[in-house]
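Chain IDs A, B, C, D and E follow the sequence of writing; residue 1 opens each chain.
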Amino acid sequence: MTDSIVKLTASPHVRSDDSTVKIMWSVVLSLLPVIAASIWFFGPSAFFVLLASTAGCLVTERLFGSHRGSLADGSAMITGLLLGLTLPPGFPLWMAFLGGVFGMAFGKIIFGGLGQNIFNPALVGRAFLQAAFPVAITTWPAKSGQWWSLQGDNFALPFMSPVVDTATAATPLGHLKFGDDSVVTPVIDLFLGTTGGSLGETSALLILLGGIYLAYRGHLNWHIPLSIFVTTFAVSGLFFALGISQFPPLFMLFSGGMMLGAFYMATDMVTSPLSNKGCWLFGFGIGFLVVIIRIWGGLPEGMMYAILLMNALVPFINRATQPRPFGSVSKKQEEAPK
Amino acid sequence: MSDQTLFSIFFSAMVVNNFTLAMFLGLCPFMGVSARVETALRMGLANIFVLILTSISAWFLNTYILETVPFLRIISFIIVIASLVQIVEMVVKKLSPALFRQLGIFLPLMTTNCAIFGLAIFQTNRGYDFMQGLIFAIGAGLGLTLALVLMASIRESIEFSDVPDLAKGTGLVLIIAGTLSMAFMGFAGLL
Amino acid sequence: MKGLLSFKNGVHPPENKDITAGIASRRLPFPDEVVLPLSQHIGTPAKSLVQAGDHVERGDVIAEASGFISSAVHATASGTITSIELWPHPGGTMVPSIRIAVDPYSTQLQRPRIVPRWEDVPEEDLSKEIARAGIVGLGGAAFPSHVKLNPPKDQPVELLLLNGCECEPYLTSDHRTMLEQPEKVYLGIRIALKALGISQAVIGIEANKPDAIAMMRNTAPEDLDVTIQPLQVKYPQGAEKMLIKAVTGREVPPGALPAKVGTLVQNVATAANVATVFETGQPLIERIITVTGRGIRQPGNWVIPFGTRLRDVIRHCGGLNEDAAEIVFGGPMMGLGQANLDVPILKATGGILVLSRDECKQQEIMPCIRCGKCLDACPIFLNPQLMGALAKAGRYEEMVTDAHLNDCMLCGCCSYVCPSNIPLSQLFTMSRTQLKKLAAS
Amino acid sequence: MRKTTPSQDLIRGIWEENPVLIQMLGLCPALAVTNSVKNALAMSAATFFVICCSSVLVSSCKRFIPKEVRISAYILVIATFVTLADMLLQAYAPVQHKELGAFIALIVVNCMILGRQEAFSAKNNVYRSLLDAIGTGIGFTIALIMMGGFRELLGTGAFLEYSVFGPNFEPWVIMVLPAGGFLTLGFILLAMGYIEQRKKMKALMAAEKAS
Amino acid sequence: MNEQGNNNGDNEDTLVVESPVPDDQQVPATETVSTLRLVATLAIAGALAGLLIVLLNQHTKPIIDKYKAEQLKLAVYEVLPGSEHYNTYYLIEGKLSPSLPDGAKENDYKRVYVSHSKSGQVKGVAISRGESGFQDVVQIIFGFDPTTGKLLGMKVLDSKETPGLGDKIFKDRAFVDQFFAGPETPLTGVKAGMGKGLPTEIDTITGATISSKAVINIINHALEEWRPVLDQGIPPAPTSLPEGEVQQ
């Protein structure tokens, strides 16, 4: 066999162009406008917070990641950026870093790294921060003065409390939930991002564009955001029409972390169901929970918890939505008269 | 005497103050019997059943017997629960051997399941009346089942993961439980 | 495209059919030697009738079918039998094969063989005649045709489906058959319809072969109840179950034959060869084979006698390009990779694909990210993700009971779409092997 | 049952077979009441009292307890001592009693105590049983204080309510919440696993070197 | 137990719990121990246990009761500033009564604590009530002046609200003091600094709105329930008034 030039592989011998690494980096790419917008709105604080959370994730992945090259797959980068985008601009950097470390270590690496985790690591980090530092994470300093001035106490010493001396501003959701005059922020403001909130909560428009780009490229399952939006709109519309809630359905859709969560967190492939049917169920669950938590829950924003809770249900959904093998008939059909 | 509404008792026991994830009751089955979804589901259902019976008996005990001797509460509860479990076991064995085969192994374990005993104690401490106690038991049972089934389906799924050797076993289960507990905090205030 | 009939899921790999689609088929010069394995089909290997030193003429029977699901082998070139020995088989094993040293001075005319006029043969004997000619399905599975034409009595066939999809990328041999031999295809259809005792046939052709569709339409005999059905271009449109689903809307139940839903599927090339048997008496000894890919110098559609060694084919096609990386028997999706240039061409070899490095670049295998793309690709609605995970964990029994491993037809769609490059269909093949081993022990 | 020396009986339960950290028994109190060291101490003391008394009583009366009703008898014994502990705490440490609440009563269903009666006291003499109970009790206490210390330190920045990190420390509220309990125990187990792994590796290396 | 074990063979691996199975009633009577002896043993053990408990109870009960009464007294005095004495009134058939009918159990009746002035005037009523807050039940006691409809004070008796956030309902002095400033009922919760200066307004705690509102709701709900009863008038205090005082 001197002339054997060939290598032997199993079929199929051609592969689609998709690759996990490509998917990950195009998610990062599609986030860039959102990041730019958050820096535009919130100044250098936004940049520092994103830097800190991403650094937390990258460092953890580098130290404990399952294999050496795992930084290159871009997944740790996504986790860090997404975590940063859920934080308020004035958030102390040491907390953002800690959130990244926690989310990465206990949300992902402990399960064996990429593809093996149950919960979205960015949200695990966020949930940890929410539970550990409930005050800091719900403090949105009012925009002050120049673009370059910091929004709150970003540089609080590690393990020390931030000093908030500026006036705080409520997010649109908080306004409506706890405010006494029930301000409904106009949807156009929410859409363009000219409101207060966490880094990625503003500028629904850019997130929408990024999400549509990813869906077009086939890098996210459009069933999930669509079902979330449909459910949220329908359920909150019903409650609004019945006069039970003060949240108009469109406001519900464009406020808070809804856009970011629906397009970037819920669609995390690892932690969402496999089949499209499962994705519909998943999206339905998130939409429903988010409306319930926003209207009756203790916190103004429920997107994170809704997604985490549904993440926990994903293995169960996957079990329940096993596809029906081709040609097999369900019991019901079998019994039906021919 | 408690002024809580039935709905709030139910919801609180089921998710907000989930027996397992927020009050650490029923951890033994949570750790031990949560490897398979079917088993977990059966265990959960068996728990609901016994919880309801316990709630009823605890209410009777409190109302008619322990009024005068409250200091015998712990002893009488544990005895009643132990006998209850025995009776349930025998009745189920007689009436439905198939069900007995499915539940059989879990029933005796319930005597030392702190969720059952805890229910009786909490119900007493909070002064629930009959209806409140019943709703409390059903909510707690459903919450327990929810936690068990969630945990079991997650554990089934991570069987395929390359979990680092270090984290295999209880360590990881606890971390997952912690994350679940964090996620359930989203329900706080929903009362 | 969208409005055309099709099935759910599936994938759209680049077609690459334009390399050879326009090249008319030509005969490849006879090689010095042909090697004919006794098992070129699904079922029991054939039984050799010759010995070393025997002289055989092209078309002589050299091995007979042994058992019902088996098929005869004929000499594909005149010459002398040098030996019967174990020889590398495209399947990767060593298989008893008859080696014939081709007589360089022979005209390679087929020895005259008496075949009755098909119109005169009673229906039930038609399939015997087909069996005698060693006809097997040329679509890839090589299932003996006479067995197919004898469907179980309790599952009557109402509709004959001709498979002209050729959904594998690159391959164009069926395409050329339809363009060059439409009358043969129609004759084959007539014979098959007679053998089955039915009157209705449908030819399914993927819409990317408009010339073949036009040709079949133009040459359709008026007395034949045959419909030409253009189908959506999608892999694996040519899989039996998918074709039936696309044309009739019926789903063949797991483990059942197409006859269960009243259909029978035959490849157009098979039909053309059935016609050849009754027209000229020539048994199944050669076929149109597409030699293609960016790794071969002179791609084309060639009529090649079975048993020709891969080495000879490559030599006649101008040799390999510098960047040739992989040789595949069949299409890129389901074809078998070949490491040995001595393997012979078999009856079911529809194409020889020489892929260049660019075409089959190997990517790093990443962990599964549960994206669910494989579920969206699987044409028979399995859960390849679950099966892959079970296979990795060595839980083979559960793959069968919980994930329906046995329904999998190894079409490769899941492997094709997997962004993490997990070799799913390879894992499934391996698991089946493991299960067989377990069952045996 | 293998023979053990009295000192082994005592030491075994403290670390090697630590009821909480190794055997995963008595998790309910270990997680529920360890949001401060004080609570952990009170719970440990109550449990210590119950396990010692129960072990002594069970081992001294083991001849009178028929095998068939032994579990019921053990539970009765344990429940009695729990009731006593409950009343004593309520009378002399009412603040702790209120903090621990129902979890005092829940000592009854702590598998650890019943497990020791069944596995040890029922088969050994009073002296040995007491040693075993003390060892197990200390093991339990150590585990609870570890948990409580970790959680109180991070959760409030204090140890035994004595501020450690100064007034500006930002407490990690999660640590005193239920989720923190799970995470802390999980983390401790991971850390212990890591140490164990390191030890094994070292031993392996040493063995390799030796050979 | 064996048959169960066999039938559930598939479950066995999942049971890692050391199973302390009470198999007493299942063991066939192959041994010589008679049922009578089993029952007798348990009965004796039970009796001894009961005796022990009763003895200790005799000793501890006074201490516990005293402590409880002390705590209650402290709480009542705290929410009814300036009181030195109170009487417990029970709700019997829609009316307040300072004493229970004969043989009635104390716990079957809802009650309030009423503080009288030296002259026998009602100075204030303390009411305890628990409702769901952010995490779990929040139990509070508050003082109320039935004549003016103003609050006198409020104390959180029991809560599991989030440390550092929800627990401000009893740790944040500024919040608690509002209830001692004599706000009018029913209360309304407003965001700090957003009020209109009405006498019914209570500023909620930033970040702990739910917990703050829970406190306000509990008071409002309690008053909804008790107002009609209190408005019927409070019967004069029983004889426990200090010597020499004359009821009017």
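Here is the rule we use: a residue touches a chain if its C-beta (ideal position, glycine included) is under 8 Å from a C-beta of that chain, and two chains touch if they have at least 3 such contacts.
As the structure is a computational prediction, the values presented were derived from the model and not from experiment.
Within the contact network of the assembly, the step distance from subunit B to subunit C comes to 1.
Between subunit C and subunit E, the least number of touch steps comes to 2.
By number of C-beta pairs in contact, chains A-C lead all other pairings.
Centrality by C-alpha centroid: the chain sitting nearest the overall protein C-alpha mean is A.
For the pair subunit A and subunit E, the distance between C-alpha centroids works out to 42 Å.
Measuring from the averaged C-alpha position of subunit A to that of subunit D gives a distance of 40 Å. Centres computed as Cα averages put subunit A at a distance of 48 Å from subunit C.
Subunit C and subunit D, compared by their mean Cα positions, are separated by 70 Å.
Multi-chain contact residues, meaning those touching two or more other chains, occur in subunit B at positions 28, 31, 71-72, 75, 82, 111-112, 160, 162, 167, 172, 175, 178-179, 182, 185, 188-189. In subunit D, the residues that touch at least two other chains are 24, 72, 75-76, 79-80, 83, 87, 111, 114, 173-174, 177, 179-180, 183, 190.
Annotation for subunit A: residues touching 2 or more other chains are 106, 110, 112-113, 116, 128, 131, 134, 298, 318. This structure has the following touching chain pairs: A-B, A-C, A-D, A-E, B-C, B-D, B-E, D-E. The touching residues of subunit D, counted against subunit E in their complex, run 24-25, 64-77, 79-80, 83-84, 87-88, 90-92, 94, 98, 111, 114-115, 118-119, 155-156, 171, 173, 176-177. Subunit A makes touch with subunit B in their complex at residues 66, 106-107, 109-113, 116-119, 124, 127-128, 130-131, 289, 292-293, 296-299, 302, 304-306, 308-309, 311-316, 318-319.
Those residues of subunit D lying in contact with subunit A across their complex are 165, 168-170, 172-175, 177, 179-180, 183, 190. Partner subunit B is touched in their complex by these residues of subunit D: 24, 27-28, 31-32, 72, 75-76, 79-80, 82-83, 86-87, 101-102, 105-106, 108-111, 114, 174, 177-183, 185-187, 189-190, 193-194, 197. Subunit E makes touch with subunit D in their complex at residues 16-18, 20-25, 27, 31, 33, 37-38, 41-42, 45-46, 49, 52-53, 56-57, 59-61, 63-64, 67, 71, 158, 162-165.
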